[in-house]
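What follows is a group of structures, each given as structure tokens.
In what comes next, chain A is part of two complexes: it sits with chain B in the first one and with chain C in the second one.
Here is the complex of A and B:
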């Protein structure tokens, strides 16, 4: 289930030693009471139901999937804004799964979050200076030189350091998101969880913010978990992609593998559903897989494979057995060839393995 | 309100066949007086929507795309809005028209599908009842007939088990189902024009594909005109026939949707397309447009886009700073109009793309 160090393509010598973040069989169930007829019945929403992944320093993992698939819950569990029901989150070798609030302080410094909506994630009554210096004070960083650090941060994210006394309302959406990014960076984190960081922004501003995140990632060697529903943005930004469906990872792997040779039917459907701008350039529209209906309720997910109710390949076995997340290639190739290909896991009884694409794909000739 | 305020609606020739103009917007300006000054949400906008065709109005938030379409259905408060210019829906002049005129045309001639079906549907009324009500308002039929019609409409938009679904409340529907119900509500009186304001923005991508397919199928069946308001250029590429690109309340480029996206001739359209991640898959940096859109309270003089434009230095003199560019055909391209001072926009942008 977990990404094996030996199969990482870009595993540098040092990072191969110890992963930054190890998530194993993570679960989060939300119990609640439901009225059924005249009785109250206990029920559970299985928001995240057993997911595992590993992240190394400087790596970027994209979490994609439709609303309700557990992307945001996962990011809240990893940051320990929420406590997992089962499973473990290990950050830098330290198990943080069930740490108490006061024990989480140091983790709060190393793991920061960027939120989706820059209008509600900044306190409207605080100046930018106060918003950005609060994390410094909490962690006792840059004592006595907070103002200088705040100005440095503003400059880092492309804002005018003289605006330190302004309020969030005086900034546009894109600028506010920059402030949110500066706040996350204030405490020099190692891992940033970005939950839909650009989806509330206009198209022309999205590109600016994406560029900023990319620049910061490379300069500061940050690891990212990037939660997004926009497949184009994830493709641009991430090294690894995990596709989630109803609380489970259904496909995990190198960006190139996921986008060019998706094996799980859900990934294929997701990719084919995204409209394609290249249609305007005379490129024939891709064959669209029409999924029927919506994502089933996570209260009572389908037995076996959770995607089977919408899957065109579903057979009897899909309802009886849950397919494990595993590699689908019956490997006759050498270990070395496998490593070069990168890790690619999927959870389907009938994956579509394009053997022709197993050979290294040259850089695509996009017009 | 203008001098035409009390003019009697003129009954010009009605649009009946594919390609006929249903909606003719000329020189439309919409402004909101506020304490800080006049917010010019839309300035001198002109476009036409034709039967059987989909017109995409594209722009960022605050570019006036929704405001202009709301004016078509008379959804602005006339006391707080200054509307000038002309909106002719099926020959009926709507600028300055009384509420009674709007009540007649809403749903029968033009209907709107909103972005968020959760807030556009009434939470206390059953879906079927809401659709039947819209039908009853314009048809002298019994309640039973209207309810039957509502069930038919739900069936038409692909809601399984429509009889049972009609008796449910909006909260019992999923997001995609609600948007389908919203479309059924919009089409119940067979309007000639359907305005879809970001109909899929709140939906997941697999559901978005379903809804766009549905709108396309229904358009083929009913032959109506569709105005698609969106910021998603990929959606435009796959669904629209014509396009108007808006920036800061003004149209900046219009023409055939696919042609415009394949070969933009206005620096703003070009910049938008360049900034898409799909355009630079393997580049480390996206080609962003610098700066942010201007305040509608205080538009820059000359071309509104000039503070963010990379090409203003290529225009002789200071026209970009002082002169508002007028609509003109793009040199070298058929069936295309832009508002830009560049002498050879196509060549300039092509050269830039080559360099990058």
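Here is the complex of A and C:
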């Protein structure tokens, strides 16, 4: 157990809202061997390299970033589908970082996952009834009344309970994603990790599925980790946002702060790249920050600040010193206190508030 | 409380209940069919399983259906082989040296007495073909079943468990595939002596590796699919994931392979008995009959042609049927929605 004294004092301080999930310095390195010429070279991909966050009951954290920044790996680590290399994952005060599969049974009930691809996440050879009753059977829930529960779940996600004997191929993408959501809800979890749950869907269907998730979150008081690259969806759905770049969190904070006063240049670049609805209304487009080049390889990330190779502010110090996830321009209180208040953290040597980059996303979802 | 204003039939612009009917995301097949007044529970909506879809596709394949009928007839012939004895009055191993051979001791051509002629010992070829069908089908089905069973289990274990188990099993598969089959089969039978069991075991032992390799490849790709991940995140055990989640997904290629393997096995069995490694002599067996006939084919064509035809018809029917099964399971030939 990693019973750090600071964790305990903090737990005492805000016992009113004990964190549901606490992730500290989480790392996942994938070792691999590569043939270079005639030599076998060992290397590691640093997919997730020391990230920390906390989540309370009913809260939603958005993880955003480009492909390959470690969002999905993080979600697999938190659900313990994968084992972290270092760091800790504490769920309801229980350290689950290195538990064996048979010790994870209760976690498998409390933490559920919604997958990205509704075409791959449902077994094509099983009926909807069998897909939705599997979690009940595995955990011995609603014994003898599985069918009634499955129909109840189908109704909960807005599907016709008569379709219990149909196969996934008989449903549309949006309907399949609803089935995936129903499967996650079947065991009555406390935390749901949604790995880009709408990015495989049509835009018109995205809004419906997002509205459904929002409704269920409010009704069932669920905590969410919402992995996405669509900033508009995250803004609509999340309380906190963590922006990731190459396996690290570069900016973390309240949704409002991240979207309205981003401080890290990468966050600013991401926000300025989002489509601006005002352009369609005839207003001149805002200045865009164009990033040059690709994300560097996570096998050999840049020294110091990982973003420096694409950053327009980069100076010598950026290559020498890694900026800690701490200094916010506006706030001078301690890091921990700020994180607990759900405020604003960023990791840049030259942070600067920019308020003109906000992508205009509709405040209310399009139904 | 109703938000729908009372409907005024005289006002065409008034909102009607039906205007509010279509739900956000409800394609036609989701809404109950018009006129169906039965309550929700009473109507049982049956999904079309991938198996049912494949069967529906197969039923439209005329060649496959004709082959299926031919296979059915051969199976009937095998089952009711004693009936042929009852009709003709000729047991399969009875040698009619007086009535079944010419004065020179040669086989007799087809006649009303011997429908497909007689062989070199004066036995009824028609009856012997019927009894020979039993051997061919039995060996074909038994060896194929054995092949599939071993192949699926080994392939599943190798693909799903991975690591050292996979390395070991994959090398074993390579090893078995590299053994020269006929040579070892001849050596084995010469030690144990020919029998039905040995034939089945020999064929099964040398054929499973190909199935295991196919299954392993399928499992390797299925293991990465999200529904396996989903099953794991629900807390399903490895065994459950292997046999409940993955296995139904590999059955289609396995069934296709098996249906094409049956004719191969039948030919292999005939080959073995042609080489004298099949069943012990008096037993009727197509391969053995062809082998016996090769000294007489210039004088008694029927002796070789009819057993050969039986073998050809059977393997052809199984092959064509297997092709049909493959087409039916192939999602690209999605003719059901034409």
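The rule we apply is simple: the second predicted complex is superposed on the first by the 320 of 367 C-alpha atoms of A that agree within 3 Å, B and C clash if a C-alpha of one lies under 4 Å from a C-alpha of the other, contacts with A are read in each partner's own complex, and residues count from 1 in each chain.
We take it that contacts are C-beta pairs under 8 Å (C-beta built on N, C-alpha and C of every residue); 3 or more make two chains touch, one makes a residue touch a chain.
Model, not experiment: these values are computed from the prediction.
Novice: Between chain B (first) and chain C (second), which, if any, makes contact with A:174: first, second, both or neither?
Specialist: A:174 sits against chain B and chain C alike.
Novice: Check whether A:281 is in contact with chain B, with chain C, with both or with neither, and answer first, second, both or neither.
Specialist: first
Novice: With both complexes superposed on chain A, which partner does A:214 reach: first (chain B), second (chain C), both or neither?
Specialist: In the superposition, A:214 touches chain B alone.
Novice: Given the touch rule stated above, what does A:187 touch, chain B (first), chain C (second), both, or neither?
Specialist: After superposing on A, A:187 lies in contact with chain C but is clear of chain B.
Novice: In the superposed arrangement, does A:161 touch chain B (first), chain C (second), both or neither?
Specialist: Only chain C; A:161 stays clear of chain B.
Novice: Of the partners chain B and chain C, which touch A:138 in the superposed model: first, second, both, neither?
Specialist: The answer is second: A:138 touches chain C but not chain B.
Novice: Between chain B (first) and chain C (second), which does A:205 come into contact with in this model arrangement: first, second, both, or neither?
Specialist: Once the two structures are laid over each other on A, A:205 reaches both partners.
Novice: Return first, second, both or neither, reflecting whether A:319 touches chain B, chain C, both chains, or no partner chain.
Specialist: Neither chain B nor chain C is touched by A:319.
Novice: Going by the contact rule set out at the top, does A:120 touch chain B (first), chain C (second), both, or neither?
Specialist: second
Novice: Which residues of chain A are in contact with chain B in one complex and with chain C in the other?
Specialist: Chain A residues touching both partners: 172, 174-175, 205, 208.
Novice: What residues of chain A sit close enough to touch chain C in their complex?
Specialist: Residues 79, 81, 104-105, 108-109, 111-113, 115-117, 120-128, 134-135, 138-139, 158, 160-167, 169-170, 172, 174-175, 180, 183, 187, 205, 208, 367.
Novice: Mind listing the chain B positions that touch chain A in their complex?
Specialist: 60-61, 174-177, 204-210, 212-213, 231-239, 257-262, 271-273, 275-282, 284-290, 292-293, 308
Novice: Sort out for me which residues of chain C touch chain A in the complex.
Specialist: Spelled out, the residues of chain C in touch with chain A are 23-25, 27, 29-30, 40, 43-50, 225-227, 229-236, 240, 244-245, 248-249.
Novice: List the residues on chain A that touch chain B in their complex, please.
Specialist: Against chain B, the touching part of chain A is residues 66-67, 172, 174-175, 202-208, 210-211, 214-215, 218, 229-233, 235-237, 269-270, 273-282, 285, 288, 290-291, 294-295, 363-364, 366.
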